[in-house]
Amino acid sequence: MDEDTRTLAIINSKGTLDMAYPGLVLANAARMMGIEVKMFFTFWGMDIINKKKSDHLKVSPVSTPSMGMPTMVAGLPGVTDMATTMMKREIEKLDMPPVHEFLEMIHDAGAELYACKMSVDMMKLTEADLVDEVDEIVGAMEFLEMTEGAQILFI
Amino acid sequence: MDEDTRTLAIINSKGTLDMAYPGLVLANAARMMGIEVKMFFTFWGMDIINKKKSDHLKVSPVSTPSMGMPTMVAGLPGVTDMATTMMKREIEKLDMPPVHEFLEMIHDAGAELYACKMSVDMMKLTEADLVDEVDEIVGAMEFLEMTEGAQILFI
Amino acid sequence: MDEDTRTLAIINSKGTLDMAYPGLVLANAARMMGIEVKMFFTFWGMDIINKKKSDHLKVSPVSTPSMGMPTMVAGLPGVTDMATTMMKREIEKLDMPPVHEFLEMIHDAGAELYACKMSVDMMKLTEADLVDEVDEIVGAMEFLEMTEGAQILFI
């Protein structure tokens, strides 16, 4: 690995809308600056690259006290969907694309996308279940091998 | 950037009391050791530097199974406030300051505090809504530029 | 510190089953590759090294929207235990050991385990409450001292 190349490796372990965007925004900014980007998706973060789920991620008012809803209200049927719709609208107002389109955009810009082998096995998924932008399914050792010298974030 | 300077960059994305302290404690320890500190606040982490919220962060028993409360109990009205009061008391016993005072302390010690531009826009905030210790509102690219060579934590 | 030694430092701040495994899996993979590993347990992550709790960590459907359960269902008595049992079975199918055995395995392989002094104090624990694999109870400054040049993850 070239010692002069700055690399940002992002491990995405959460599958909520609010925890998907920080990684996407950082990856996009990094690529615009010529920083190498390696995105690794594991555990609940697999939802971000799951074809059927990537554009249907949700925010969860009941597990996000910052949203300011009393638990008894946040837990009512429909509240999660309402909060998700509201956040999606705010994201759109900032001219940010939906999740799958954002993945396409950073992948086109040179970011590499990897799915965690263990999570793929645990969730009984195959490559066909993942968005086309995923470059490869890799194990933890392969991930560590390709991130020597990188700045690694765990989201 | 000086290659010999060690820098700790902390991205704070959560707005709960229990996830605010780890970053503050690490930032404080780092400054005591002469390590450069850059704190970046984004998404729910904006609450930590929001004037009206920084001293009113809460713990959420319903989203913290480690607190050991059955969900049906954790969701009852008043339980979040009770758990928050209990944790604040424990924090105080350890001689740790409340959140805003802690921000002042690390800022006085030389830690730099940055608010995420995208989050400021999304939450329709202005500089006036943020605690005075915030040095600047910056975008993701500016953040990446100032963290080359740093150890970056995502909380 | 040897400049040529790659070190992975993992701060474990969560006490759920699904957030305990990513750190253990990475630590294990790193040791197999000869990478130095320093595990630091703080806040709710203390449960992972708590003798009475390490093999009784739970997943929490109510705070994990990716599990796909409506909040009203996820909050019902027994649902957390059921979801935990299901995830443990999946983990076992992948030939991964239970948490305490996994800690033993990575410790035997040379990973160093540290408990956060502040958390030990806050939770009124003593060394006797922690699994034997814990090497030492350290403060934030000691942790920072031993992680200079390391890749640090905050889980």
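Going by the order they are written in, the chains are A, B and C; count residues from 1 in each one.
Throughout what follows, a residue touches a chain if its C-beta (ideal position, glycine included) is under 8 Å from a C-beta of that chain, and two chains touch if they have at least 3 such contacts.
All figures in this text were calculated on a predicted structure; none of them were measured in a lab.
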item: Chain A onto chain B, rotation angle from CA fit, given as a multiple of 5 degrees; value: 120
item: Copy pair chain A, chain C: interface residue numbering same or different (half cut); value: different
item: CA centroid of chain A to CA centroid of chain C, Å; value: 22
item: Touching two or more other chains - residues of chain B; value: 62-63, 75, 151, 153-154
item: Residue numbers on chain B that touch chain C, as the complex places them; value: 6, 8, 18-19, 21-22, 25-26, 28-30, 32-33, 35, 62-66, 70-72, 75, 90-91, 93-94, 151, 153-155
item: Of all residues in chain C, those that touch chain B in their complex; value: 11, 13-16, 42-44, 47, 58-60, 62-63, 74-77, 79-80, 118, 121-122, 139-141, 143-145, 147-148, 150-154
